[in-house]
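Shared chain: subunit A. Partners: subunit B in the first complex, subunit C in the second.
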Partner chain A sequence: MSGENHNHIIPLSENVEENIEKLEMALGKSDDLSIRRLNVSAKNVAIIHIEGIVDDQSINENVISPIIQLNKENHPFKSTKELADKIVQILSVASIEFIFNWSDLLENILAGDTVILVDDSPKAITLGTKKIQSRSITEPTTQTVIKGPKDSFTENISTNISLVRSRIQNAKLRLKLTKVGNVTKTDVGIMYIQGNADISIVNEVMSRLEKINIDSILEANYIEEAVRDNRKTLFPLMQSSERPDVVAANLLEGKIAIIIQGTPFVLILPVLLIQFFQSPEDYYENNAFSSFLRLIRIGSFLLNMYASAVYLALITHHQGLIPTTLMVTLMAQRERVPFPAIIELLLMELAFEVLREAGVRMPRAIGPAVSIVGALILGQAAVEAGFVSAAIVIIVATSAINSFTLPNTNIVNTARGLRFLLIFSSAFIGFYGILLLTLCILVHLCSLRSFGVPYVAPFAPFRMGAQKDSLIRFPITSINMNDTEGNKETKTK
Partner chain B sequence: MKKLVTLLFILMLIPGCSNYRELNQLGLVIAMGIDVSKNIENGYRVTFQVINPSQLSPTGATTGIPVSNYTAEGETLVDAYRRASIIIPRDNDVTHLSLIVISEELARKGTNLIFDAFERGKQAKTTFPVFIARGTSAENVLGVVEPLESNPTKSVRSTSENNQKYYGISKTIPSHEVIATLSSEGKDLLLPGIKLNKKLTSKNQTDNLNNIKPSVIEVSGLAIFKKDKLVGWFDGENARNANLILSELDSTSFSIPCEKKYMTLITKRSKGNIKTLLKRFPTLQVNIALNTEISEVNCNKDLTDTKVLTDIENDLEKEIIRQVQRTIQISQGTGTDVFGFGSSLSKENPRYWKKHKKEWNTIFSKAKVEVKVKASINDSGLVTDPYEPK
Partner chain C sequence: MSNVKIDGYQLFCLIVLFLFGTTIFLDIGSGAKQDAWILTLISPFAGLILFTIYYQLHKRFPTLPLTEYVRKIWGKFLGSIISYFYIIYFIYIASRVLRDIEEILINSAYYKTSITVVGICMMLTLIYTVNFGFEVFARVACICFLLIGLTLLIINIMFIITDLIHIENLKPILADGWKPIIKSLPLNVTVPYGELITLSMVFPYLNKQTKILKTGIMAVLFAGIYFTLNILLLICVLGTDVLSRSSFPALKAASFIDIAGFIQRLDSFVIILVVFLGFIKITMFFFCAVIGMNTLFKIKSSALSTYSIGVIILLASIMIAPSYQNHLDEGLEIVPYLLHIPLQIVIPLLLLLTVLIKGRIKNVIT
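And now, the complex of A and B:
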């Protein structure tokens, strides 16, 4: 992963000033490089760190002041080695390591460690003083629930790991850290539970992460796009969640979590299609009620995808299928509409997409203005002016509202894409087109794998045991958690 | 992936031409009236009732008549349908056809294979009901908009349905059932009749909407068919009794005399059953069972006395027997077996049926009729005895 292999073989100089000069050169005389020079028993000692990513207070109290104290005590040191050992002993810092070459020195300083260089010593002492500013734990913003935990991940990887660890206090919870990104060298952690997770998938994840050859990892999606099984699909092959309870629950089911420094979204894999319809709240409420809501969500997803296309097929190809009274009403509405139904529908669908995008992008202060414009202009006024028929507005609004019931936005985007494809095929040959495309989608779904696990399991391949927590949820005591996870899929292969 | 795309492309091409049609290019034909052609021998004069959607808009106030009738003549129905394009401005759509009216004149000449086009056509459904325009033309019946209903088609259907619910003269017979009855042995066709209760007073249609006693659709008896020809009518009570025998009655009312006045019982549930017994000669047997409720009493009777109730039941049974026998006699008079006694015989005694099916209508006309009725009173309403003026 390190692009600067030649640095490995360059050992540190035994002269502190020489090292400092070289370091300043390497960092381009960066102004936030802080160097504190001390003299202990006639030896030059330098304490080096980068401002802002370290714990200043800890360095002052636990590193600099003991060394000054040591200087005052005026110990006679026989050798440099003895001095270095003494320094290591008096520092009250949790993690201390020795490094011998340039590459490690640079890496550690950039990661927020403090480095102590001592004259005539071939090794540098690095202290784990990393402290990155991050916001505090807040309520989740994208995956909200009424009942259930209110904490969410932050941009800080160690906070995120602690949130998961606090939920699963078990010796079998494993964490493997690595760095990804040629330039950013972002910390990436892989968490799983030994015994629950399929170790071959863990190894596969590790090897795919190591093969990533991109400069930067700034968000979870960088990793997702780099390691997913099928790059052409519209369907999400990994789940991302900002909820620690979701990640914990998935880990317990044998899934693997990838936690990335700098983003509150944690990747969960392997993933099954049905997972995108399951909300964490399903397990925090009565199971009968949760099952009902789960079915509602699946229905909503289908409506969101199909409502527009089916409506278009009905009014342009299969007029005989509409009840006569409704047909007359629809005809009356369309009587003075200037555009063909397909144009009308696309106009409204695009208008909604634009509104949605505007809603995400606009500054908070002008939010109400956009909703007024959206609701009044695009809804009422457009119908009254005869631009579009009222039925189209109802259909587009229905399909839009339905997209908001899904707990996971990844799958909503899939539905948005497929919706347009379905509209085109419906305009072309009606229900026949819709059916053809549906068939293609189903075939495609069956061909998808998420880290080797069939995407539409437990329906295809069908497993009776796992049905207890797929479309509907049985009481928690009757669900065998080990039976619901994806790892069984690979084991049965 | 490439294979999938290729497959999709091929499948897309298989259906050929798309039948893409915009709603505002469609003319929705909701009813057809079939009359005898005036100009073409053995041809038809067909009235197409097309919806005018802008008059039925849910928000806008309607200013005109919601339907337009277009009449065209042709050798066959499809011919007339095609020729109608000289006056109909829109792409006709018959998938929503919900009413066929045939004039009595045409029905008396014989309907022949008039329903073939509906069965054969790819678009049309065969679930729409068929009515006979009694003593008038189908064109006239479809030509009146009445105030309570939005269009003539709906008037015909809802008047008929309402009558079925309250008295039971009319019945809704979908065209596939008409075809089935016409092509079956041992049962003749009955079709409901409709007419206008009075002539339109003004040439202006909208005047009818402003008239407090408007010209409206009236259900009028059941037409008796011999094969495909109309030969007679069941009127009023007889039409109702026919439906009672056929067990197709929702509810009706019977009035029986009581101390020079009358009392009325309404039926709650009724079941008719026919059987053809073969004792040397076929005997037509009708069994009727019904539950009734006393709903009006215009004489003094002690309704708390079970003996009185039993007497009323007996009176009602006698009355129904009298009426049903008269109804069957009318059927026997025209020599058409509309109740399906022949069909019942053919199932129970196929050998006899095979031998005599050719002269069945004559046998039917002379056959003895046995009617058994079991009536029971379940309820006498909220009061027991009627009030006494003092």
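And now, the complex of A and C:
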């Protein structure tokens, strides 16, 4: 690493061959390094790029052929400077830059630019010919909607930026690019809307990104873990989305997006808890209906977290609270089961977690097999064999189904973690345990901040104006996008 | 603790919930029988006077908590002793409230559970909260206010739609004249309004000083009105006879609710509210004790005082009384006269007088 630091003060040699030799040494004689040597007016000219990450056609047509043409014309150039200037003029490439030192040279070549070296000239000409192969824009796979845009981000940062830009055609949309990762030098872009976003948060994000000192950035989570406020929390302090419409909507609300090369997931910050229950579809449907669905989602989240723990508390500590007829049914089921309720519940919960993990990892072709094994063998047969009671299967299945209503997977994982904690506290001291753990979760939530904005923002601190788009959604015309949710909070800071 | 951001609404929630405390579940103003609602209508005004005294003292020492300006006013020696008494008082009241919650839980749901286990679980939660500082606590209060308000509203609507309300229980009005009301007034002013003395420990840490008086007055009046409605409901549902005999009237009243044989046992929701409100109240006293301890003994690490005071509150809650009846008797007969009236009313009043006289003398000299 220390060699690199020296490079940027080492100027380029004026001899083309010397430079090429040094470059080959630096890249370990890499086989995909392509060097085209030409001779223009008795000066050596070299055109260098790395194969595969450049636009070959553009280089052939717009770079090499004009230079060959120039050679044919046989101009008498007085100086090298004149030759270099002439070359710059005849190239039909959009972006042209001059560089003077080694580190820039290496960086540009590795990023997909083409470099032209000219004898006796201390500067190199770089041409923006980057073209990285990527898959085309497809439908989103993790955040699907019935009605609404069907495009999603890809692994290519420039495609992603274009998807956002095409939605917000405004001069105030700002982009700042930087490179993160000591080894990978991944392109990371920060997008925000000037005037809507709190500029102090933008600066804070920039400074936190600059402070990141890890070798590689391969996915959005690398950034998320490196820059979040509180490391000791189960709750996601940033939202990740693969939908350009979600990112655009958040930008308009004054949020900041971090776009990372190599992943279709874009980070959105600062984030509020309530945002994880809001689906983009909420704004594409009738507001009364989407408000109802939002409440359903919050209810599902709570059920997903609490169903098992509450059942356990009822069956082991507070039988008196169950209506008598239901109690008789439940107890009749439990009579054959050889395990205590907590073991029974943990077995089923873990079985479901295993099924879920298996569902993600296994090859597509054997997908139906898992559902047969899961549903029939684990569910029905286990009950019939008397290993578990039917009620437990129902409870675990209910909480599982409920977890799928949430539009954002980050918060589902939080609920999964908290569910086990709640089960243990419920097994220990029943409802009282659930209640105290809930208080602790509440206190923890209140202590969280996402880039300085309180996590539970529209409720504590309470903002009346922001209630129009938190638990329920008012008609779009009555929501002033600029003071929704925590945005006001950010601005008053 | 220095730069705490609490807006007016948060302070309002905090004061209201603190005033609600465990009082809304207990039989307040039992001495006045069916006229208890008149009592609860009058006492907030006495509460306002107390609040104004605390606020006036705070206004003269805006950067100091109670335990500090006592020493400024009455000198190092006497002041230190008084502030030491205040710290013990906060710890003692916290442990009394904790005992209340422990008893409610043990009497309603956890017959076979040890009081120690119930207390330890609560104390762990409390210490966790206090460690996060006052700002987080104020936000918790803000959310709790929404949750508790909604639950109380639903329960009260249930009372009305299940036809449990018997207006005739309120009659006769003022059967024994004003005497029983005036007699039990001091008791109803000291708890909960006198306990607002805790606010004078946290006032200096709030950032919006100008809003304190207005917010405080609104909160006290709001709590007073709710207490009145609450006691009216309890009298109407239970009648004075049952009211005076049951130890937790709100639990008893809620257990009467039965809609279609399905919505019943709502008393479990009341227990949830007891735990939430008790939590807020103990945390408040806990904070005061921690702040007092840190400033009086110049302790740098808040964790040290938090943990030690937490353990003291826990142990005290178990040891202060041999039985629940004993605990209640102490609360009704000894604590108000020996602790509440001197520490909530007499000392702050004397402090204010001293300050005023000192100011006068200074004016005369200059």
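Criterion: the second predicted complex is superposed on the first by the 486 of 493 C-alpha atoms of A that agree within 3 Å, B and C clash if a C-alpha of one lies under 4 Å from a C-alpha of the other, contacts with A are read in each partner's own complex, and residues count from 1 in each chain.
In this section, contacts are C-beta pairs under 8 Å (C-beta built on N, C-alpha and C of every residue); 3 or more make two chains touch, one makes a residue touch a chain.
Note that this is a predicted model, so its numbers are computed, not measured.
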Touched partner set for A:Gly379, first subunit B, second subunit C, both or neither: neither
Touched partner set for A:Gly181, first subunit B, second subunit C, both or neither: neither
First, second, both or neither for A:Phe431, with subunit B first and subunit C second: second
Subunit B versus subunit C as contact partner of A:Val456, first or second or both or neither: second
Touching partner for A:Gly189 - first (subunit B), second (subunit C), both, neither: neither
Touching partner for A:Leu442 - first (subunit B), second (subunit C), both, neither: second
Subunit B or subunit C, by number of subunit A residues touched: B
Touched partner set for A:Gly254, first subunit B, second subunit C, both or neither: neither
On subunit A, positions contacted by subunit B and by subunit C: 317, 320, 429-430, 432-433, 436, 440, 443
In the complex, subunit C residues that touch subunit A: 7, 9-10, 105, 109-110, 113, 117-118, 121-122, 124-125, 128-129, 132, 136-137, 139-140, 142-144, 146, 261-262, 264-265, 268, 271-272, 275-276, 279
In the complex with subunit C, residue positions of subunit A that touch it: 317-318, 320-321, 323, 429-433, 435-436, 439-440, 442-443, 446-447, 454, 456, 459-462
For the subunit B and subunit A complex, residues of the former touching the latter: 1, 4, 8, 11-12, 15, 18-24, 26, 28, 30, 51, 53-54, 56-58, 93, 95-96, 98, 123, 125
Subunit B partner contacts - residues on subunit A that touch it in the complex: 232, 315-317, 319-320, 324, 327-337, 340-341, 425, 427-430, 432-433, 436-437, 440, 443-444
